[in-house]
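Read through the structure below, which is laid out as structure tokens, and then see the notes.
Residue numbering begins at 1 within each chain, and the chains themselves are lettered A, B, C and D in the order written.
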Amino acid sequence: MSSSLFAAAELIVPGLQYPTWFAEADPKFGENIRNYYEFARENDLLATHTLIPPQVNRSVSGSEQLGGQLSARIVEEREDGIVIRGAYSYAFAIQNDAPGIRYLCRTSLHNGGSVFDEPLASRYEEMDAVVIFDDVFVPNERIFMLGHPELCNGFYSETGAAALMTQQVVTRTIAKSQFFLGLASEIADSIGIDGFLHIQADIAELIVDVEIGRALMRAAEVDAELNSWGMMQPRWATLNAARNWYPKIAQRFPQIIRTFCASGLMALPGEADVLNPDVVPDIEMYLQGKTLTGPERVKLFKLAYDASISGFSSRQALYEYYFFGDPVRMAGALVNGYDREPVRARIRELLAREE
Amino acid sequence: MSSSLFAAAELIVPGLQYPTWFAEADPKFGENIRNYYEFARENDLLATHTLIPPQVNRSVSGSEQLGGQLSARIVEEREDGIVIRGAYSYAFAIQNDAPGIRYLCRTSLHNGGSVFDEPLASRYEEMDAVVIFDDVFVPNERIFMLGHPELCNGFYSETGAAALMTQQVVTRTIAKSQFFLGLASEIADSIGIDGFLHIQADIAELIVDVEIGRALMRAAEVDAELNSWGMMQPRWATLNAARNWYPKIAQRFPQIIRTFCASGLMALPGEADVLNPDVVPDIEMYLQGKTLTGPERVKLFKLAYDASISGFSSRQALYEYYFFGDPVRMAGALVNGYDREPVRARIRELLAREE
Amino acid sequence: MSSSLFAAAELIVPGLQYPTWFAEADPKFGENIRNYYEFARENDLLATHTLIPPQVNRSVSGSEQLGGQLSARIVEEREDGIVIRGAYSYAFAIQNDAPGIRYLCRTSLHNGGSVFDEPLASRYEEMDAVVIFDDVFVPNERIFMLGHPELCNGFYSETGAAALMTQQVVTRTIAKSQFFLGLASEIADSIGIDGFLHIQADIAELIVDVEIGRALMRAAEVDAELNSWGMMQPRWATLNAARNWYPKIAQRFPQIIRTFCASGLMALPGEADVLNPDVVPDIEMYLQGKTLTGPERVKLFKLAYDASISGFSSRQALYEYYFFGDPVRMAGALVNGYDREPVRARIRELLAREE
Amino acid sequence: MSSSLFAAAELIVPGLQYPTWFAEADPKFGENIRNYYEFARENDLLATHTLIPPQVNRSVSGSEQLGGQLSARIVEEREDGIVIRGAYSYAFAIQNDAPGIRYLCRTSLHNGGSVFDEPLASRYEEMDAVVIFDDVFVPNERIFMLGHPELCNGFYSETGAAALMTQQVVTRTIAKSQFFLGLASEIADSIGIDGFLHIQADIAELIVDVEIGRALMRAAEVDAELNSWGMMQPRWATLNAARNWYPKIAQRFPQIIRTFCASGLMALPGEADVLNPDVVPDIEMYLQGKTLTGPERVKLFKLAYDASISGFSSRQALYEYYFFGDPVRMAGALVNGYDREPVRARIRELLAREE
């Protein structure tokens, strides 16, 4: 379990490459992160991470919540480690069942239905939780950073972690766009709506989204360069555009699916009916599609439902929208980090040109 | 249970006013509808209705589905009534448990949680179902229309039923807009986001929606006129605009709630935690809002969740979007039914004006 | 010519009704405004107004521009009047050619074409200008307010001037919406596009806008009440919604016209060609519409051009967008001035309800 | 001057590469196109093209307009060439002043102002016109295709001309996006608005658009392949997405500039004032920006005006919107030409998967 400042999962790979970055603070931190990387690799560990302090009063910053009592902080520094209850700049890893760690989970989005009834939620639900550090002891060898807020603040940009992490995210978002394009296409075909202009406009929108995602990734990789740590790093400006673009367009995906299915998402019995021989004739007769049998169409529409109506689908949309933070704030970061001088200079040249 | 052409619930009130409309087809139909109105009133009956034939192949019309086998139709005309399996123009009422009626329901959107955990779904879930008429006998005295497709097709517009029904719908949609305005306001206050310009823009959008809804209703009622049946009828052009406007703007409501709550919809434990004395201190500490205690904030956010993330909320959005039919088709009907000649004439006058 | 704080044109009517409001500051101000009202009425004067200080640095407020040198201010107080070069709270009127007043006009949007070629710009262009007060003397009898910033700041809301002014604005905007509905309808008919679903969707949008505007006005007037000055005042919440709604939807109007006309706005000769007998046969043949002769269609499309492509049309769109100020700021004012307590209370009641 | 079916400008390059394509119809066509290519190259000719038949009645196709009288067609086939008045499948080139050719031009968008007052229109206005073929003789050696409608219809896709032409278009649209990003940045800086979140959101939108355009081009070129004519052809699916994406997002560009400039586009004198020594002090004082002198700011805002308000700017927006045809129709073409089978197959695999 890493700190609220950055995440163990993301520390692992940089851990191999950049022990010197951690060692800038303390040589043992460099050693710790390398050891942890090897430990995770050899034991095939899965790491999760804490991301942000709980939301209480968003008109003040995270570390100011409740006068600083809210986010995790160090309450004791011992010979052999530290005890955590608060905010400070640090990075560490700890096992999920360490004494003092508690999880406050949300209600599951898998309502207990079968793979037929909840094809996505039954397989892909991932829990969100508030993690509480109630005087948790972190041994010295799992501490990767302590103090050095200026180092911590620069972690993502200095080490290239932001670019590498975004590359992985864009891979995921392309797959999701493709999923929605495939799903919308199957639905349109199954109920014979693919000839309508407004349906084609929506499918075209999904095609464009898939191709834009693919092109952003391709261009970022083609223009990758060795960074100062000796690692190939995809072009950041391209990936930064991708992560500002996707959260907004992804909100359209479930809307498109809903528009395609319409009442078909309401008149939708479940697996119990499909397996019931008394009911099957009605499903065969009244719920058939243009190209699918009744049970096949119910199965396809259950997938549509879990991608556009269920709590699982809505949490997915929310997750993508806020993945890198509030888009309103991200815009400012994009503007400040992007080199606009070349395009600005061309405007000044045009204005200065004598005819 | 009425036919797919119009709905018993809507027949009841016009039934009192317009027996002569039904009597145009047959005097006994006028008598039947009046008797049914009185029967429903005296016995305090709740009527539901069937709306549309099942969706199979949307590239052909409802009555052409599967060569006409799909929608309900009359298979036998007897001395004492009719037997239903198909499409024809008629109106009738029948009890929900009449022999031969079967319902194919969708999975419930109330997942079994408490009023705390599912504050809307636990109270307001209403079932959707496919209704199957398997040789259902309808006695003569419950038949309100048979044959006369030209009368049937004109029912909504000729009798004023469309205007009266839309007035009721607009009442509902204003209440929903107000619900979202109130909810968004409570959330913004509870987590201290009400000072941000982009949050204020969203609240302003909800205020404008509430006031537009209210003004449309007010103007329609103020300009009501007696129709040819002697009944006060709100101004149709105004209500017709309202029913074309609301389905689109209503899609924004859950999006606004999601944007306000953000991660607060993910870090959201349930009633079991709030009632667990071991967990309450954590909820008190880490899930408090700026102006609410932890349990109060969890309760408010559960409502936000059920209004913007749950399957219940998404089905609501879908329901409003398609309430009167596909907005793409409704636009054509609005255009064709609206008197644009006065505004067109003014353009022609401007073009003809000599200076 | 009034100050930058409020406008002579708007002072005139309240001047009749509210001399006591002005008299709160000084009895002679009450007398002055009444006299000016009568003077304007008897001499049939047209008043214009200055609205805002020049835009220099929008990251500071108007009165802070260039350390306060930018906006008009009083540089001398004499026995018989004041001399204006700066910012203070005051209201006055002055003739447009008073010594020391200079106007810096923008380039005209009427390019000198005929009524045929520029049907709107040739008739309705209204000049915008920066007004410079270079030590302008304002005699005592034309001063309506001096000092008393707290009175000045409350002028619009306290006197009902905001509501009366907005009522006039909404009248204008309804007429504009109707103009675009009429124009779009004439175009659609003339080139035979009125059967396409996406064209109908755009016409339906214009119908809905016309009806919403009309309903907002109707509801505001129906719910008018006598204000504390004994004047009937339309319902402010309704009009406030109207003025927050229109600036955004009006941006769509020229876009719709462009979409309808497409290449017809490019292949568009002018009056010189229509009057040239050598060219008329080509225009008759190649520029005819489905329902119009070539010259008629050219005339209609010239109007479409001046409503959707010309500099005149774009300045109109900009004018409506910023009429009451930056919509981003107006949203905050709407939120702060609207009574949300009733809808918020209903949320709290729902949360408190025991089942 | 080429036919309405395809354009001389685009014939030139393929002319070199694909004489065999033309020769499929007739060996002399292959020879003609090669000769014309060399003639154009050696004489440094600029070719323009006709694009579409005039708009009359858009509810029927171009060739059905006025019973076929409207579009160009062959009225005589002679030994030494053809005489043109009509529609047929052919391609040819002819000098602009050939006997019988007439142009019906639109009014110029350059209003005669200086480079200062109309920085874009004075330099970059390009005329649109209806071209009339009044029995125009085309000699045999300038005919590249005659008859063979099936060859003509496949020209763009079969020869790769669509991809090559789109590559050129995307180059242009990237430059335009960069222009608007540079312009918006210069404006924001000049009046001190770059710190506002909603301004940053708009700049971020422009950055994302620039980077998406760049990535689409980069990816299309990186994945170029030799086509069957031995020519490197950029990846079509990527470019096809680009040309469906840009027409819509480009409509936002002038809107963003307007929002940034606001009243600054109204209080905007011209070069005559800037050159007038009596007026310059007022411009220096009252029209200065945060970082620019008055005259500099007026010059920058004149550019903003010509990019967002003038008839020139609106015609640009219209031009981009309809460049490849009506976006509503283009969507259908994109959908039909895109291989969705791989993403559809993955949906079917998911549905078929047993857990």
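Just so we're on the same page, a residue touches a chain if its C-beta (ideal position, glycine included) is under 8 Å from a C-beta of that chain, and two chains touch if they have at least 3 such contacts.
The shown structure was predicted, so the numbers you read here are calculated from the model rather than taken from an experiment.
Q: Find the chain most remote from subunit C, comparing centres computed as mean CA coordinates.
A: Computed centres place A farthest from subunit C.
Q: Could you work out which pair in B-D, A-D or A-B copies the interface of B-C, where over half of the contact pairs coincide by residue number?
A: Answer for the repeat of B-C: A-D.
Q: So how far apart, in whole Å, are subunit A and subunit C when each is placed at the average of its C-alpha atoms?
A: So the centroids are 46 Å from each other.
Q: Rounded to the nearest whole Å, what is the centre-to-centre distance of subunit A and subunit D, using the mean of the C-alpha atoms as each centre?
A: 38
Q: Calculate how many whole Å lie between the centre of subunit C and the centre of subunit D, each centre taken as the average of the chain's C-alpha atoms.
A: That gives a centre separation of 36 Å.
Q: Can you list the subunit A residues in contact with two or more other chains?
A: Residues 197-198, 328.
Q: Linking chains that touch, what shape results: line, ring, star, complete or other?
A: complete
Q: Hey, which residues of subunit B end up touching subunit C in the complex?
A: Residues 115, 119, 123, 178-179, 181-183, 185-186, 194, 197, 200-201, 203-205, 207-208, 210-212, 214-216, 218-220, 222-223, 237-238, 240-241, 244-245, 299-300, 303, 328-332, 334-335, 338, 340, 343-348, 350-351, 355 of subunit B touch subunit C in their complex.
Q: Give every residue of subunit D touching subunit B within the complex, in rising order.
A: 197-198
Q: Across the complex, what residues on subunit D touch subunit C?
A: It is residues 52, 54-60, 66, 69-70, 102, 104-107, 111, 113, 117, 128-130, 132, 191-193, 195, 198, 251, 254-255, 258-259, 262-270, 273, 279, 282-283, 285-290, 305, 308-311, 313-315, 317-319, 321-322, 326, 328 of subunit D that touch subunit C.
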